[in-house]
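Have a look at the structure that comes next, please.
Note that the chains are named A, B, C and D in the order they appear, and that numbering of residues resets to 1 at the start of each chain.
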Amino acid sequence: MRVNRKMKMRRKMGSTQPGAGRKKRRASGREHFEIRTDLALESREGAEKAGTLHDGISFREWRTEQIAFTEVEVKNAQGEKALGKPSGIYLTLEAGGLGEKDERCHKDAADQLAAQIRRLAGMALGKKEGQGFPGVRILVVGLGNPYVTPDSLGPRVLGNLQVTRRIAEDGDRPVLSGIVPGVMAQTGMETAEILRGIIRETEPDLVIAIDALAARSLRRLGTTIQLTDTGIHPGSGVGNHRHGLTRETLGIPVLSIGVPTVVGAPAIALDTVAAVAAVLERESRTKGMGKWMEEMGAEEQYQLVREVLGPELGQLYVTPPDIDETVKRFSFTISEGIHQAFYGI
Amino acid sequence: MRVNRKMKMRRKMGSTQPGAGRKKRRASGREHFEIRTDLALESREGAEKAGTLHDGISFREWRTEQIAFTEVEVKNAQGEKALGKPSGIYLTLEAGGLGEKDERCHKDAADQLAAQIRRLAGMALGKKEGQGFPGVRILVVGLGNPYVTPDSLGPRVLGNLQVTRRIAEDGDRPVLSGIVPGVMAQTGMETAEILRGIIRETEPDLVIAIDALAARSLRRLGTTIQLTDTGIHPGSGVGNHRHGLTRETLGIPVLSIGVPTVVGAPAIALDTVAAVAAVLERESRTKGMGKWMEEMGAEEQYQLVREVLGPELGQLYVTPPDIDETVKRFSFTISEGIHQAFYGI
Amino acid sequence: MRVNRKMKMRRKMGSTQPGAGRKKRRASGREHFEIRTDLALESREGAEKAGTLHDGISFREWRTEQIAFTEVEVKNAQGEKALGKPSGIYLTLEAGGLGEKDERCHKDAADQLAAQIRRLAGMALGKKEGQGFPGVRILVVGLGNPYVTPDSLGPRVLGNLQVTRRIAEDGDRPVLSGIVPGVMAQTGMETAEILRGIIRETEPDLVIAIDALAARSLRRLGTTIQLTDTGIHPGSGVGNHRHGLTRETLGIPVLSIGVPTVVGAPAIALDTVAAVAAVLERESRTKGMGKWMEEMGAEEQYQLVREVLGPELGQLYVTPPDIDETVKRFSFTISEGIHQAFYGI
Amino acid sequence: MRVNRKMKMRRKMGSTQPGAGRKKRRASGREHFEIRTDLALESREGAEKAGTLHDGISFREWRTEQIAFTEVEVKNAQGEKALGKPSGIYLTLEAGGLGEKDERCHKDAADQLAAQIRRLAGMALGKKEGQGFPGVRILVVGLGNPYVTPDSLGPRVLGNLQVTRRIAEDGDRPVLSGIVPGVMAQTGMETAEILRGIIRETEPDLVIAIDALAARSLRRLGTTIQLTDTGIHPGSGVGNHRHGLTRETLGIPVLSIGVPTVVGAPAIALDTVAAVAAVLERESRTKGMGKWMEEMGAEEQYQLVREVLGPELGQLYVTPPDIDETVKRFSFTISEGIHQAFYGI
């Protein structure tokens, strides 16, 4: 997850069972409950609900016939605090048609993605508009586990990618290289270690990291692409990279492209608690109970659920049965977007 | 799912919002809420809780050093009604070590599985004990989608299987053939159609169907193997086969071997509701509320959750991030079990 | 191979070592030497060289900007004997661009293939031109071994195919179903057995079988698509199916679509012999030797080589290192051709 | 290829067509003909035939019940020149049973391989016998293209490997990490570039590189494992790595483990020429011609063949149709050998 909504504990339940929950959490070594979303769009929705949106964050929306764009820009420390995400641009492309076998919609998305990659890459590299990327070296990184379907977006995009380094370097065109670093359970190495080494040897100017994302809401699955200029943050993605991949850790600018393919199981549990609270609140007999539950705060609610479902709940994710088709479709859309951004085809 | 716990609706909420829930359900064409488990063991747990265990069901447990066996036998119509599963034997092998890279435990499980396959196959084919299976033709079927990790158990087992039909038929040994029929989204055909055709042409004596299962409880994931002599029932498995694969539909006995790799998302939601109810019940302020929620019944509870999470919730499943390793390990354990059952190696 | 060029033995060498070669062959249980090509185009080239082209065979060529078409029609028993292939139409589409990442050429090939599939399917089903295929049921079969790269064309095409049976049957459109039957080493069943069963159950009107082919000449690899209305003949394909898949064996018309991905190793050996013969013939010292070698005939030549290279030579094939890219590209071209033939998209 | 048999041109044909062959070769930019073998065993056979074995090479053979060991040691520059391979130890394990589903033979090979890995790793790291490898960090590299069956040995071994770095580092045991770097067509990077970077970052003590090999003789395919302490040399392997992976290029010792899965197509052609020569020599009419052909030398012979078969011949390889099974079996044998070498299991 790119943001940890580190919920403040409100100790409504504390009066009747003093400290119980807190002790248990400490024992398990977790101070803070985390509910994951890798989408800034969803962080912003959360922030708004909580009334925390500041002038440290700008926000704009526009659309084409098929695609709705939302751009969240985190501008300073104030914004970072409010949104729980590092400074930078977070752009989402959303369209219902992306969730289906709608080839025209995916074609349109690839075109729009290409334009936005050019814009963000241009900004990251200090290019003027229309200047192009002659001789610029781009390393595309396919994050995730190729053997776990909802985590295989990155490796699949790389499978479609036409690399050009060592093959067609003529100085006038951008140069693409690509790597599928694997996941730590397979390599015993942090992705950041592998990439730092490769970057030192091959000296690219820009990294584009592709990753499957965790969303907060089920309806984002397979309908959204997120493009950022902030890289990959610790704990994000389906495969949960420990270390971040950012300009700070890698030494060069990092764009990231992601598609939400899972929702964390805790999100389902918390939405259920919210549903229960709402029902309690609308019944005359139980009026007041719902409000009481809402005021519990997400952390208490989660601890409550975790007692029943077990501590492993936080590791589990929810995904639809046709996720293989979703990943396949988006892998083509994203690889086409990248080719088109740099080669215009 | 192999059982539909067709919950009776208890209309606790009806007093304040008469008929609302029911109308909505009818509109969506669903009469009954289904919470899935493919494990008879778990159905029995549910049945016991509900006080519905009859003499139509027998039950025994035993264990080896590493493995706990539970055998549920549904004996007649009374038992079928109580457990929501067709007559037959449902055997589970459970061991914590199966969830880990514990090779000795998996070796032991393969040995024990082989013995039980021999027993159930012998019973299904009317063999006396120790008689062996000379010339018996067995068709092993790998159900599921090879491209969706938690649904790929069947295809993976078939990848390990050594078929012998057309290669080493000498009359004195059993003869294995195998097929990966694919899923309906890929073939446009029901698995039952494909298998009926193949069975008519190749005339096996017995089918062994391998399938990934949905459990009710997270702690069964990757720790349990279920072996039955009742085949595959409609709606069961991760991939949700529409038609069953049974002696009735295929014309020959069908054993099934399965491993739970997912829990349906609704199960998580209902467990959350139960957790909330328990908390409400233990707080002095809210005492009575918890009982009220419990009495709502699973169907009301589910409808409540579904309003928030959306109707697609029923299609989603929960699975752990290391499911690829689990499926790989069990695919070897099961293929070894089958080889050993019929060839003693 | 779809044709066995059963070479008559000309006993040039017989004078000096009477019967030696023949005895050896008999001992190994092989009466006839077979040099494989699955391309009728190449059989015809062989036949012409041998002066055996009759009026039982018609032949026409035409071209579009990018693609050269060659249609060989075997019209009667005389033609079958001359060409060593059953009666029917054998159409090839050839283009250098198909061997490269030339997307326009592949797009053009998909369009042209679609038109030709419509023509041959129309003829096979007794349709008038322009009548379309409303309600016609088509079973697409992906032959070959998905785990052996040059043999994986069929399974890969099926991976791209959008089946419509059981999903969108409205009576006005053609209905596609699809199956990857696997290879006998994995299933223990002949492909013909599997398909006969499925056809009896699901009653399609037409089979389209996709298969990787063996060519005679290296330059055909990855540059040619062959479409026939004669099905798959015994011994053809990379995976060497024992039984044929034809109207006779399956009971319904069978189109086949194939791409050469390998050349049999014996072809390389014989081409080498020919090269040696040509060199000997042009040297003054050795003039006459070349002619002598040519007159040996393919069978003697092959036996000669087989003594050195071993009897397993016949099983081996030659393939280029980038065969994975070739198979991937053609799998899209063919699946698009099929979609377009029946759905116009 | 690990050795280039840079054949001296003997100009037998020159008298009648002066310089023709040479000019053609120069035009194509190739000075030297290369016939590939990655097996030192086969280089030695070639060297012996040519009478070039010196005291710069030592050689010993031994065997267990099932496995024949051959160890070639190249000791100095004289030996390097004679064998065309760099100084070091080249050990082969051969057994007919490795080519079949003979599990006992593969188990035995894994045991023996483990012992030899320990021996060579100990020598490379300056360990005394029996000292073990506490805290030694080993990077296992799976070379080759996972999507091309005979080139997929390395990636498949890595798929079976249990890495321990970052998971179970306790100082007393060796520490394994692993990487599948991909091939240059997919990454745009030399494998040496990728590995140098990773080695600088993660500081292993030893690399073990796994690669599919090209043999000279068909009968080596799938029956032989080669273990060396000399790394991977430029041009070797099925995938033809341009740069070598050696102590010189990577800065740490490199063991390599390989299994021959292909024979280069030129080898088949040259064996055919040899067969023709032998036949010519034994016929009274043509006596003298065979000797003449033999004296041509491999380079002339190859040029002769290349004219007919086309310049791409050098890129093609010959492989058996069941290569998927061979690669799968050896991938387990090698991963078990490595686990056992360092963890004794």
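In this section, a residue touches a chain if its C-beta (ideal position, glycine included) is under 8 Å from a C-beta of that chain, and two chains touch if they have at least 3 such contacts.
In this text, all values refer to a predicted model and were calculated from it rather than measured experimentally.
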item	value
Chain at maximum distance from chain C, centres defined as averaged CA atoms	A
Interface residue identity across copies chain B, chain C - same or different by half	same
For chain A paired with chain B, centre-to-centre distance based on mean C-alpha positions, whole Å	34
Interchain centroid distance [CA atoms averaged], chain B/chain C, Å	44
Centroid distance [mean C-alpha coordinates] between chain D and chain B, Å	48
Multi-chain contact sites of chain A, meaning residues that touch two or more partners	185
Touching residues (chain side chain D, partner chain C) in the complex	13, 16, 145, 147-149, 151, 185, 218-219, 238-240, 265, 268-269, 271-276, 278-280, 283-286, 289, 292-293, 304-305, 307-310, 312-313, 315-325
Touch list for chain C against partner chain B, complex	158-159, 163-167, 175-182, 184-190, 193-194, 196-202
